[in-house]
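Think of it as A, B, C and D in the order they're written, each chain with its own count starting at 1.
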């Protein structure tokens, strides 16, 4: 095991740890940990709600989730010698649930959850169809997830961090805040909101205190969206063995990470989302000095996925186009066409006995693939969603005998939004 | 070889063939070919511009492409016993370039092309960056494509039909026309247009003549967009060995196909697009009676890809978010985030000596994968584009030694739009 | 299509063709076709028994197969400039059944066969268990093989040449003949024989005639075994897209090929064997001058498999050790341990209702993988055979409910040896 | 983490642990641990020589390795309700190096070794070419192995147990002893020996003592060979996610395991062999009552590999036939043909600057695949060995520019045998 540089004690809250992480992006959050290029090290990560979600059969905790407090991140970790303009190489040597703890109240202790927020909390990708709060508990047996809430499906984990990134510079942060506020201003009362402005309430900023804490809290960006620094990209393929290249915007790079997922489908369509858990990451860092200019990588993370993602060779795929459910034609809207593809998959799975929300939860948590298949054929984009057939305990393909019927069991806990 | 039911003579134009196909969707285009459930048969397909694009080093033909005449489709082919409500199973037994003809003036005779339209002709996915007309010729050597216009790249074909589908019913056609006209009406003068209304000019409607021809031509839908019947989905994974399930909207199903591609990246981002060619398809059809209701498949094609797609195990991926190049924040716009991911890949490839348009052409033609990675993290969606590293003759990964430099050679022919 | 340099007319016997190939290895068989480095070209190939095996339900033709006449090979093809010491690069651009002919009396016209020889004809890998002659007919529908003799199994073709190689030099030929005769001499009366000496009877030697024919026929090596020149390697992964490097032993290299297989399991354990067929190969050749020494490749073919082999992600594997069925312990005998692994797979498949010979035929024809898992753990080697579970129409995995029962149907035709 | 039922303290020798395992097979070794069908549990495993091999640059420890003491196994573990005739399902939930310990004197603490024995100690697959003792140390960084003794190669671990199996019944044990002694008796003085008879010296038999210890020690089978109970199969694909089915020969099944490998090529050709290490296994067991008869599995383990083995899509393969290096023709000897294929690969790699022993070590430790390609083409079998090209830091393919030259560095430590 590499040296543990950022420990978390499962029995304590995120703010009571030896080193306190953060839940906002800001260049002035102090790095309490420093590593050198070439170093390998271990980081513990807390699940994104710091333990507020429980292993039970109620969705009340999802309904009342402490949204202001996300994402609790481990870091920032300074990398010696990193300067603006460099590319930071991050090798994901390993990533997994909380080691040696397979039961307990924290997601990551042998279990995780997938949630759908009520619309007023941000909803999900299909919030019009699923406006309430829902929760599914998944049990991890070795590398495989199963659920008492979604029967007859099991899949090998495609474990990855939902969120990892470097700190923004002050000017980049200002850019973020300005452009996101401009969007909010176009419809400030929208539910769900268009974006999330800085929010001092619940801000955790490492060991900052007093006036400095308040200044930073007032400026710091929320962690929900992915941005130029990587951040909450929710790319399911950032698995063990992956190499990521992040732009460096501040001295020391200030790398942070968290929001671990045991598994996720492309898009994290359920929002809360993936199979959420805490755990650990083993990382190795290095630098390409001046690499941002050398390789033209200035405003996005680039990466090479690992070689051990779960392998499937048979897929059932659904397509969608950019026409709304009400029949309105939109112009090359790939977001909409992916929604329609997902809804088509849900329609299909319901014919096998699943409830609609069970089907939605499968799409959010299993390693489905979402593809931008056609993006130019005006006015309809075409998106596709691919389901690995082997994750089902039964034959999920269309055939002459009609769909097998599953027993939906207790179903998915719901709390009215 | 299965029986050839729809032949095309490479020396004759599409309208001079023994059986004349069509280039519009309408339920009343007569089927001159009928097959039975269980039948295997061969269909010839003409490249989508009926030979207007030449194997040369000028993009003038792309600039002046006969857009009103696309897509020249083979069919309709009636399937005995098919009725509205059925699912039509179509097995793609084989698909390839024009057999036994490896040189000649027709795309598919040993070569194909990728084009980018000038903005006034519809542009491409990145028309703001590439407003002119461009063309690249690809040579097929066995299963591999290479180009004198894009050096040091070679990839195994992922051969597929860009377009296949069943005929719409009269009411479905009316729905299409109404919703697309409503979109056009929101900005009728837009360049490129928001959608393409029915266009009697250049309509090919099988053997219809006279008043019936004129009636149908006035009503028939253009073939550019994918819709409920499948159509121009441009799904690169509909390769040999795939099984597609189409909804049936009219008696006999009336299956048509064309727009063959030797290869394509997810999205067909260059629009004209993929590696365009003529060729053949070997198909087998069958029916699931009443399958639309049984499986909940009423407004989209579903499919299972084949088992012999080209295999790559190492990928270099680029991410993008829904912020415009001008810095404007958009709300969960996966179309935009995929554009940004593609632009990031183009930025990167330019550092290796490629021109921007060469890089764009690689993304359009090679088997890149485009993923909807994050679609819920307001306000930024995250899209990713994956390039197989093995398609390059050199090491395309970032490293300590900096990017290898290719000789861009003659480059990509352009004609000012 | 590349230029057809070696045509075969399906209506004529192998010796009545415009260019007559050969069925023995000898440096002095004249090359009637010459190609240049860099050339692409097409070659027709006859099935190895020149049409003696029929599409029927009797194994009499296998029992009486004209063994002295195999393998009918296309070539030799001279490569300009090739000299002893070079490496000959052969790219398999394409390989498939007889194009445009999907029915007829020749294997390759839409069908192929797998046979097991009677012991006196050479038997098969498991000749003690299966001492008679057997035959299975496989139908090709697109890229997939199915059989009326082996129900409920279907697999995507892994099409390849069983045999390809360069001509031996006179001294290499002498070495072959000497070492094989020395083996024969250890047990000259053995049934099946230990090796096959030169046999003038039925020798086909291109257009050689008279005394030269008789001289060459007396010296020429049989084509059954693989040797330093490649030859009858029966490597199932020499599929479309593969690149092979052959040592060059004579001026012009004199490349020959044939014995096409629609599919085969590792080992070609049924001997006659694979799914035998005629068809075509599209090849491209090039030279690495002096490459034998440069790369240390002097007595074997090396190769890189293609990228489009059929993909499976779930396998059921059986192991075997080097103990005979009679319980005798052998020393690190990987041949025996693979026999035992195959027998274990046959035992297993019989529990699902297959006859033993049906199971054997599946192992011979389907793309099973045979691995040398352990070769050092004295006294037992461990070999394993992997079956892709997706080739079965039913769930072939062990489970709580016991094995599904197939209807074995008419079964496998047999003729007593 | 599942419950740890078989702990090992890294600071103590194998015989000083709380529960002492065993290094021989015998039905009467007591099971100190019992689990139930459905249980998941963790087992620690010691490296097979119990720490006798050091992380240094001398091969003296390999030369003097305590062969009489291998393999130190964890177990036996009794499974409640298991009876002779059942099939024992063993799911490998996880397997890895010693957790939380990345440095220290035990293989598995961040490093492992590959050895070749001197001929008098059993040699290796190529002992005629490599008659001395050699050792290579591999460092584990996350999931990847690299070595100071073999430069410019790195590969993702394919972690697995070399040895796992159930206890033999008394009659099965007697069968083993009889048949192996019969083999030994054919050449009792052979070096290396033909097989290893029971050896009371160094026998570890759990907590047996006194006369019972001596009786069992005199009868118990050595653990080197794989046999009907599974045992030392050295199958590199028994990775995380695999399911194995073992025959049950005694009440409680008495499962044991050990000899963990961080990586291995097919065959474990270097014998000591693979990348040897200690570590842990997380297992889940279940029973198919009467399954040996139901599925015809009575004398071998069957298994389904996991879904997360490292993926490679480009391979360079070498073939060999059953002719000795001295030119003697053998009859269908797949063991010999695999030796020749491996020697051909070694010849090739030497042209890139590796020493012969470095090349041999790569083949033993990296995830190469060894296939039984042709086993019927008398007199030559054809075996092939596939190297994933991506494990090399340079382009290992043959080309026009000749082989890249690596700096072999300090090379492989050797101790004269």
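Rule of thumb we're sticking to: a contact is a pair of C-beta atoms (placed from the backbone, for glycine too) under 8 Å apart; a residue touches a chain by one contact, two chains touch by 3 or more.
Just so it is clear, the model here is predicted, and its values are computed rather than measured.
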item: Reference chain B; chain at largest CA-centroid distance; value: D
item: Higher-contact pair (C-beta pairs counted), A-D versus C-D; value: C-D
item: Separation of chain A from chain D, taking each centre as the mean of its C-alpha atoms, in whole Å; value: 39
item: Chain centre separation in whole Å, for chain D relative to chain B (CA means); value: 51
item: Intercentroid distance (Cα basis), chain D paired with chain C, Å; value: 32
item: Touching two or more other chains - residue numbers and ranges from chain A; value: 307, 311-314
item: Chain D-facing residues of chain B, complex; value: 311-314, 390
item: Residue ranges of chain B touching chain C (in the complex, touch as defined); value: 1-2, 40, 91-94, 99-102, 141-144, 156, 240-241, 282, 284, 306-312
item: Residues of chain A that touch chain B when the two form their complex; value: 87, 89, 122, 124-125, 175, 179-180, 182-183, 192-196, 224-228, 230, 232-237, 245, 266-271, 273, 288, 291, 294-297, 299-305, 307, 313-321, 323, 327-335, 338, 340-341, 344, 347-348, 350-351, 369-384, 386, 389, 397-400, 402-403
